[in-house]
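In the two complexes below, subunit A is the common chain; its partner is subunit B in one and subunit C in the other.
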Partner chain A sequence: MSKFLVIGERIHVISPEIKEALATRNAAPIIERAKTQLEAGADYIDVNIGPAERDGVDIMKWIVPELQAATDNAPLVLDTVNQNAIRAGLEVYNPVNGRAIVNSADAGDRLSNIDLAAEFGCIVIGLLMKKGVPRDNEERDEYLQTMLEHAMEAGMDPAEDVFFDPLTLVIKGMQEKQQEFLDFIRTMSEMGLKSTCGLSNASNGMPKHVRPIVDNVLCAMSIGAGLTSAILNPLDKELMNTIKTSEIILNHTLYADSYLDI
Partner chain B sequence: MAFTKNPQTFTGKVAEVVIGTGDSAVTIGGENVFPLYSFDAEFKNPPIVGIDISDKGPDRNIPGIATFFEGAESLAEIAKRASEAEGASFVSFSLDSADPNGDNEPIEDSVVKAKEVADAVTKPLVIQGTGNGEKDGQLLGKIAEALEGKNVLLMSALEDNYKGIAVGAVLAYGQKIAAESAVDINLAKQLNVMISQQGVKPQSLVQNVGTAAAGYGFEYVASATERIRGAALSQNDDMLQAPIITPLAKDAWGVKEAIVSEEDFPEWGPAEERGISMEISTAVACLAAGSNVVILKHPESVKTVAALIGELV
Partner chain C sequence: MSKFLVIGERIHVISPEIKEALATRNAAPIIERAKTQLEAGADYIDVNIGPAERDGVDIMKWIVPELQAATDNAPLVLDTVNQNAIRAGLEVYNPVNGRAIVNSADAGDRLSNIDLAAEFGCIVIGLLMKKGVPRDNEERDEYLQTMLEHAMEAGMDPAEDVFFDPLTLVIKGMQEKQQEFLDFIRTMSEMGLKSTCGLSNASNGMPKHVRPIVDNVLCAMSIGAGLTSAILNPLDKELMNTIKTSEIILNHTLYADSYLDI
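Showing the complex of A and B:
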């Protein structure tokens, strides 16, 4: 069983600081966020530059080498809907410490991002959606099959090269959907597929003091169901401890009294 | 259908540790395959065998050992002779006289002895303490100081004395240490974590995860060692990637099969042959479970096990 993969989410255009840094081509605050996330235990750093329709190519060409040079070539997740920008990022990416991840393809308009990932021999996140979030597991399964076939036709190994994202749904309002979400993670796990998701979406809209416990429990239950990675905030120590503890309980890592410190 | 070879290698690999200096220095660890699975991938550094001598001199009650050390009287002569044993990659020196429950020799005397041995051999040196945690905590630090520059491996950093040994031997004098636990996978990992937190780097850390004589609860040793090696390779657990060293002479030569006399058990045959068999069987079982290094005491066992490694890897 390979280690649960933590993808750090803190380089995101939604943060005013990052937005400003991207706009002014000021790498320092972006590098800083990459470093703190890596120190906190992130395996990959997500680089979300937003839609970046106008200058996405330039941004990726600039930020990918900047980040990798400052972090001993940390593995990156290239996150934008602008396909040309992802391509530009992949062209300058150094895979020495891990293949790049394209974020993301789906079963609809963005299916061709699978081909892009295949072309560069990297990993792609496949969102189990077409237009809007999946209604139920029947739809998830339909999208999964579409992407599986497409990945195989593109010459990828779907068990290694695609991380399927079943899409977390907001608990508040869609409580009845959560069991299905966990069931689908288990289905994918039993198929030998890798998975990922943005866990914290589930607690959106909840009071601040409630969100951590919801995030932690959903994380533990998802890992228990077979989730193999997640996009999250690695600076959230409790969440990282939950992941480490889940891995101990599942015997993915060997217990030692200091396991939370390593 | 033709057989398709599907070698099993891992992204995780055992750390490499160098002991000794100059041409006779040896590197242990470094492999990314299961123990002795040289058919899966080349073994970066095949396992090695060391010969142990006690500061009380060789056990001359055992005829083969008496013959081997014949004429070697001083510690320097004994050490030199040991280092010439066929198949021995290094010499291990056990400070049995320093045991507080025995002769309780003062630390200064042990240091003088260790120095005499270190000066007499060119092969790498491993120092085994008394087995008493408190005494070893003081003793091994002093020996590390006296043997500075020799790049020796000091055994027995235990749960209750690792700090002093880690700081005193590795950080201050650049020696190597072995974390010692007794067939307890969780403690083995914990000790490695704590020693690492002292600032000891992987290239200075070896682990002795415990042993037993073959047939005497060895199944626990085998499963613990295999679990540790499995985690190092398949889970890429860097807190378990230290090479494994197993001193097993005392266990193998301490059981009934090795001790009782031929007069008492004529049907068992000569005691010495039985002892050698116990030592070889235990050593081979340790190597199959994951040991990178075994320490034996009979020259015949050393020769046989080294030859076996040479054939297999």
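Showing the complex of A and C:
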């Protein structure tokens, strides 16, 4: 069993600081967030530049080498709906410490991001959705099959080259859909597929003191069901401890009394 | 899906205070521990009087009515290897708020505790062991079948009247056996069987600051796999929050912003 992959989510255009840094091509605060996440244990750094319709290509051409130069070529997740921007990023990406991840394809309009990832020999996140979020596991399975076939036709190894995202649904409002979410992670795990998701979306709208408790429990349950990676805030020490502990219980890493500090 | 049952573990002869109270027939500290556990959310109170070979019958005859009188007939788990003592406790037990639970039968010498429970129409905890702890899930399954058959022959409904305990194993030393433990909980859940276990045993021997993290993660994973009850310390608020949150995620209780305080 391979190690659970932590994808750091803190370089995101939704942050005003990052938004301004991207707009003014000021790499320093972006590099800073990459470094702190790597120090906290992130395996990959997600670089979400937003839709970036106008200048996405320029931004990726600039930020990917800047980030990699400053972080000894940390592995990156290129995150935007602008496919040309992702291509531009892949062209300048150095895979020495890990293949790039394209974020993301889906079973609808963004199916061709699978081809893009195949062209560059990298990994792609496949969202199990088409227009909206999946209504049930029948829909998830339909989208999974669509992307599996497409990936195989493109020459990919679907067990290694695609991380399928079952899509976390907000508990407050879709409480009755969480069991299905966990069941689908298990289904994918039993199929030998890798998976990822944005775990903390599930606790959206809950009181501030409740959210971390929900995040930790859902994280443990998801890893128990077979989740192999997640997009999250690696500075959340409690959540990182939950991940490390899950890895110990499932025997993916060897126990030592100091395992939380490693 | 029925609510997860919390069995409070704090009345245990291993505690010097409880040991002395049992020996001197001083009910007050025992009643106090029952009350605080019930206030903290325990559904059942385990009453572990130890082997009690000499005076187990007397102790149970005395403590069961004392406890029930002081707690508006709280449901109890009668916990000793002395079968006569359990019988004596069952004879004076008031089931108005929940059937008594016999703790415990196993697939070996204590198989006849199933008959005792059947005779009194109560619940029995069936440890999936014979001489020692189960080596693997093949052994767990063998012991499960033995107890299932015995319970059915005794006229019990094995889906309602037996809580099967897969036996928590210490992670430090048996790290590679935890996945099997979780798998067996899932197997039992899929068979429609109820389950219980002493969760915190798994973290025995770990550093003090690590144990609660391990307890919480294993608890979430176990409930995610289908565990329906556990014997634990209900005064551990973090663990109780994990249980409540697991119940929310699995849609066993309805979400409200205040669910942790309910």
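Everything that follows uses one rule, which is that the second predicted complex is superposed on the first by the 262 of 262 C-alpha atoms of A that agree within 3 Å, B and C clash if a C-alpha of one lies under 4 Å from a C-alpha of the other, contacts with A are read in each partner's own complex, and residues count from 1 in each chain.
The definition used in the following text is that a contact is a pair of C-beta atoms (placed from the backbone, for glycine too) under 8 Å apart; a residue touches a chain by one contact, two chains touch by 3 or more.
It should be emphasised that the depicted structure is a prediction, and the values quoted were computed from it without experimental measurement.
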Counting only touches as set out at the top, which of subunit B and subunit C does A:N216 meet: first, second, both, neither?
second
With the two structures laid over each other on chain A, which partner does A:I249 touch: subunit B (first), subunit C (second), both, or neither?
second
Touch test for A:D257: subunit B only (first), subunit C only (second), both, or neither?
both
Which chain, subunit B or subunit C, ends up touching more residues of subunit A in the combined arrangement?
C
Looking at the overlay, what does A:G224 touch: subunit B (first), subunit C (second), both, or neither?
second
Just checking: does A:P207 make contact with subunit B only, subunit C only, both, or neither of them? Give me first, second, both or neither.
second
Would you sort A:Q178 into first (subunit B), second (subunit C), both or neither based on which partner it touches?
second
For A:T187, select first, second, both or neither according to whether it touches subunit B, subunit C, the two together, or no partner.
neither
Partner chain in contact with A:K3 - subunit B first, subunit C second, else both or neither:
first
Where on subunit A do the contacts from subunit B and from subunit C line up?
254-255, 257
For a test of understanding, state which residues of subunit B touch subunit A in their complex under the given definition.
185-187, 189-190, 192-194, 197, 227-228, 231, 235-237, 239-240
Quick one: in the complex, what on subunit C touches subunit A?
171-172, 175-176, 178-179, 182, 202, 206-207, 210, 213-214, 216-218, 220-221, 223-225, 241-242, 245-246, 248-251, 254-255, 257, 259-260
Looking at the complex, which residues from subunit A come into contact with subunit B?
1-3, 252-258, 261-262
